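Listed below are the structures to be examined.
Both complexes shown next keep subunit A, but they swap its partner, so subunit B is in the first and subunit C is in the second.
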Partner chain A sequence: MSLTDNVAIPRKTMVLFFVVDTSGSMEGSKIGAVNSAIEEVIPELKNLSDANADAQIKIAVLEFSSGARWLTPNGPVEAENYVWRDIDASGVTDLGDACLKLNEKLSTKGFMQEATGSFAPAIFLMSDGAPTDDYKTGLDKLKQNAWFKKAIKVSVAIGDDADSGVLSEFTGSSESVVTVHNVATLKKMIKFVSVRASEVSSKNANVGSTEGGDSKQSAFIDELNNFKVETAASADAGGGDEWA
Partner chain B sequence: MKPYRSFSCGTQGAKHIKENLVCQDAVLHFDDERMSVAIVADGHGSPQYFRSDKGSRFATEVALEGIKGFIAQTNPEKFINDGGEKLLGWLAKNIIAAWYAKVDDDEKVNPFTDDEKLNSLEDKEKSKYLNDPDRQHLYRAYGTTLIAVAITDDYWFGLHIGDGKCIVLFDDGSWGLPIPWDDKCFLNSTTSLCDDDAIARFRSWCGIASKDKRKPIAMFVGSDGVDDTYPVHENEKHLERLYRSIVLSFAKEGYESTLTAMDTLIQKLTAQGSGDDVSIAGIIGDIAPSLVAELSVRDEADKVVIKAMEEQKKAVAKLQEANNAVTKAVEKQQKAMTTIQEARMDIERYKNDQKQAGDVLRDLNRSIEKTKKEQKRAHDRLQDAERGVSKAMNERQKALGLFQDANNIAQQAEERQKATAAKLEDVKKGIDKATEEQRAAFDSLQDVDMAVAQTKAGQKEASARLQEADRAVTKAIEEQQKVLAKRYDGADSCAPWKVGG
Partner chain C sequence: MSELQSGRVIKTQSGKDVKVLDKLGEGGQGIVYKVDYGGKQMALKWYFRHKLKNPGKFYENIKNNIAHGRPTEAFLWPEDITEWVDNTFGYIMPLRPREYGDFSKYLLAKEKFKNGRTLVNAALNIVDGFTALHRAGFNYQDLNDGNFFVNFDTGDVLICDNDNVMGHGHNSGIAGKPRYMAPEIVRGEKTPDKQTDRYSLAVVLFLLLFVNHPLEGRATNPACMTEEHEKKYYGTEPIFIFDPDNTSNSPIRGIHQNAMVKWPIFPQYIREAFVNAFSNEQLHGKNPRILDSDWLKLLIRLRGEIIACGCGREIFIDPTQPVTCRNCGKQIAIPAHLRVKKFNVPVYPTVKLFSCHTVDCNDDFKTPTAEVIVSKNNPGSMGIRNLSDTTWYVSGADGKSVPKGRDEVVKVASGLKIDFGDNLVAEIIGN
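Up next is the complex of A and B:
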């Protein structure tokens, strides 16, 4: 066997984290839209993963309400093997606990075992309220996490009761927070963010950069801003009942 | 310096070829009687480092010159006695200074132009490069990492700034990442020769042949295009497997064949791995047959483990798939059960509804019967009332007749009253007439009295007349009596009239 044949090269992995607020206020059309949108976007992520020579996309899901829980406790699951199960909403909004749980798994001993140097994770936070616990402690700790620093981070604020300030703290800028007011826009945004964040994050276009993670975040924010403009024109038309 | 031989190879990244970017890696290797040296530098990829291909080349060149000069001028005794670290600090400073000088020289000869990647920068950023009095951005344009290893008969060392990795195989069969890691290098972030604190960011490692228990038998330095082909987790173990294959190739296939094979290998690493420029340089020593055998055994064992892990992954994926299928089936079953349960509940609900509807129907029938009876009673009462009204109408008619009769009687009575009043008037008139006749009688009486008086006075004379007078008196009395008798009869006829009698 030749030297080249003797060397095996593993396929790269990019992890897409869904961090979903499942507090009581999400009950009804909000959690319904989240459930159906993620369920619908998984086949698209699978296709993206199949077509993407750069990296395979894996999914990790963290829900938070009264405490936070991993729906993928054994680690990220390949998009093609992930089956979304509808989640229910009840309880309070313990974002701080979610940050701590996320920090714990954002490590090579946790969910980043298969991550390679070129592929930062994408973290997608969805919430409709303000934290009810000491989120500062959890978020400050998470912000020290090197994987978190390099991740593409984006938040969707569901309705006007969502604390956009806290979501901006999470993502690092208000530009990476999108506020939605109805089911149709929420679903559109979930699909766009999931797919595009995965695409941007799983492309190693900026190899060799001294600040690759930041440039991917910037590239994604540019795309997000364009999408916001496109969506603003059509989002409210036929968007269904408005959330306060 | 017979036991060691250096080598190097590098290739433009697969992504760089697609995006028409030059190779920003540079490699060098050098051997002479005193030393073997291997160097890799990786120029940064972002647009603002638009001369990093030159920067990396300059870094390898100044590093090689610096190391050659360092080894030539450094007394081995001094290196051994001073522990080497302090001297390597000076070497790093010299390399940085030489790199800065080389960059300065290059920029003087080739000032920045708009034709370069400056055009891709925003105006604000671009002006920093064109108006750069302290030349900060000048060096930034040439930014690069650097890893160098060297070995002599007496000592060996490594110098490193930025990412990429140095992996060493020692003669006892152990592997290591001897140069300390810098946590500022994470994912695509790295420290650089162009950093202000480049001297502080340099890391080094050294060993002394006469003191160390183990001696390097192979040293590899690779750009991050090699590292990023593998997961971050336990990255060194993956690199160990890669470099072990190369070591075995050197041992079994020879130097030239291995270098040729490595050119193909690095193409595979960039195409199937990182996509980045891939560069590997190293120093390979004479490897004892026993170590070759040991490495071969480990290699085979690793292959078995890797194959087993791949099989395990496939099995896990299949298991996951099966679990998903089972889960879906269970969910379908649960949905079916739920549907059946709901249908049963619907049936029960319909039965209850039917029963309730029957009860309601019965109540309605009762209510209709009751209403019919009440309707009949009301009808009877209506008939009674109609009869009552008819009777009342008759009574009213009779009453009207009576009222008419009473009115007639009253009218007759009124007429009789009027007739009686007329009669009374007549009686009053009779009385008045009788009264007048009485008065006339009294007048006559007075006349008589006067005649009597006259008679008496002439009685004597008229004794004869007395007689006549007596007769006249007697006649007068009889007349009087007749008048009186008539008067009393008139009084009786004036008795009151009784109305309605």
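Up next is the complex of A and C:
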């Protein structure tokens, strides 16, 4: 090795999990907005990962309708190499199964087996309905998962039919659930959450401050609250198609 | 969130118009735009609303820094500040020139230095920037890999994000990245100052030279890096990966590969400096940290001790000892070394002397004052050419003193003395 030859410095991995409701009620503009927003945000995640010597960002996608399925069955994919394929919507809302599948992979034997370690992941749930299966059992199990406990968890409730109570149970607080009512806001929210949750989660903690152990989640909630205020103002002015 | 549209015009404090052209990048605190600033293309850092803890104080600090002016040309320093718009603001600074790349990309092996001398030049330039900042009464507060842009062909360095620079005794309230923060800050015992900056400087230098983090080894590689872990590894229980008294955090083969390969290659005095900088005592804040000026001396010496073997490989040498290339195994003939101040400079083709060598009380490592050349007619014969405007006086055993002005060459012979002026005398010593 010459004086100037190097290999890349080891960095932690931060996985952004998209957990997407693809039940029948998502069909049409909702799933369309999800598809285009995630597709558009991937280049931003790539940029974030590209020059980040602290962490590389990987993406994992779990869809749930009648049962839950990994769209990244072989494990999280580097943002640089991830190609989003549009997903379709049909079937019921088996959130419980999604929780079980997520729990299974949130493990060093599953998706979290990086040799150089990982930061706690960011988990982003999107749903427009209420669970149709026994979600409690799955969620209770997931809540025991150490990776899940440490993760930044955030949820977008799409329209008023979404059960924001259940989504709050998933994320741990109502503050980390955002309800959106139209395509523009949904897309904005998906982009904001994906980028900022990845960024907060993949940067080292602000340990100089005196905040407690959960400061990444609370730092993210602060940002989310500010963003909610700003988008609420612009969304009201924007009008457009509203979901019930 | 607080994004500016292209074409938007904002007024600055100095009464100029800033017109937004393009978005250049986004960070945790705000967005950087390319702007037209009175006909000149500049950069505008525009803060997110709600991101600054005390925006009023932050604004005043940047205003003060603008009034003070940049410490050296290496700083992409704030030059003007906008008026408040929708409860936020931005400041104007020069654009990053095209030939400068990200230090972070170097760490990710996406950028590479041209050669060992440019690598050490970058280290010297970083120390130089810090020295200038500290001499001007500032300290950095939030230093990390994102603060440096590097010209990998020359080792020139630009220091950016100077909004976090504060006068001594002030605290920006920015917590920073724990990987770069002094452990006493991570532990919550201190706020940033010159001493904590010096710790961060040692981290940056280690990263630059060894391309691994000094505190990241086998004891600090958990499957899930939590905030508790970070406090422990960088704050309460930091252990240097090459701590001679505690090997529990040594590098892991295949992961901390750069440090494992590079550490044994570097000269002892460099290794000792880092062992000292990251000793248990230093990590627990007991000893005064290594001074910027001491790093300068060590790095000037290091740069002067890099030579290229005939096989093309660059190596660090001890100029007073016989040298074997660690690549091709051949002996490298270095006929002599020049002893000046506390340096031993090898007399070997392409080696240069700088003002820091040939001028008394001078630490200018950028201005070359002499170079070693090979005789065209006799490849075995070397000379030292005067590149400075000062006339040297060269004397040998006969005691006669011969003047050598600019571009004149001193033929190398053991025992010759060169008076560089001001009684600064160097001696050529045959090996």
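Annotations
By our rule, the second predicted complex is superposed on the first by the 222 of 244 C-alpha atoms of A that agree within 3 Å, B and C clash if a C-alpha of one lies under 4 Å from a C-alpha of the other, contacts with A are read in each partner's own complex, and residues count from 1 in each chain.
Throughout what follows, a residue touches a chain if its C-beta (ideal position, glycine included) is under 8 Å from a C-beta of that chain, and two chains touch if they have at least 3 such contacts.
What you see is a predicted model, and the numbers here were worked out from it, not measured in a lab.
Of the two partner chains placed by the overlay, neither subunit B nor subunit C lies in contact with A:Ile158. In the superposition on chain A, A:Val34 contacts neither subunit B nor subunit C. In the overlay built on the shared chain, the residue A:Glu78 is in contact with subunit B alone; subunit C does not reach it. With both structures placed on the common chain, the touch criterion links A:Val177 to neither subunit B nor subunit C. By the touch criterion defined above, A:Ala120 reaches both subunit B and subunit C. Of the two partner chains placed by the overlay, neither subunit B nor subunit C lies in contact with A:Leu62. Applying the stated contact rule after C-alpha superposition, one finds that A:Glu230 touches subunit C and leaves subunit B untouched.
By the touch criterion defined above, A:Ala51 reaches subunit C but does not reach subunit B.
Of the two partner chains placed by superposition, A:Leu16 touches none, neither subunit B nor subunit C. Where the contact sets of subunit A with subunit B and with subunit C meet, they give residues 2-4, 6-10, 12, 54, 108, 112-118, 120, 146, 150, 204-210, 213, 215. Considering their complex, residues 2-4, 6-10, 12-13, 54, 77-78, 81, 83, 108-109, 112-118, 120, 146, 149-150, 204-213, 215 of subunit A touch subunit B.
Residues of subunit A that touch subunit C in their complex: 1-12, 51-54, 108, 112-120, 146-147, 150, 192, 199, 203-210, 213-216, 222-223, 226-227, 230.
Considering their complex, residues 1-2, 28, 49-50, 102, 104-110, 112-116, 119, 145, 175-179, 181, 185-186, 188, 207, 211-213, 216, 221-228, 230-231, 234-235, 254-258, 261-262, 265, 306, 313-316 of subunit C touch subunit A. Put simply, subunit B touches subunit A in their complex at residues 13, 15-16, 19, 24, 42-46, 49, 52, 143, 163, 183, 186-190, 192, 224-225, 227-235, 238, 241-242, 245-246, 249, 253, 258, 261-262, 264-265, 268-269, 272-277, 299, 306, 317, 320-321, 324, 327-328.
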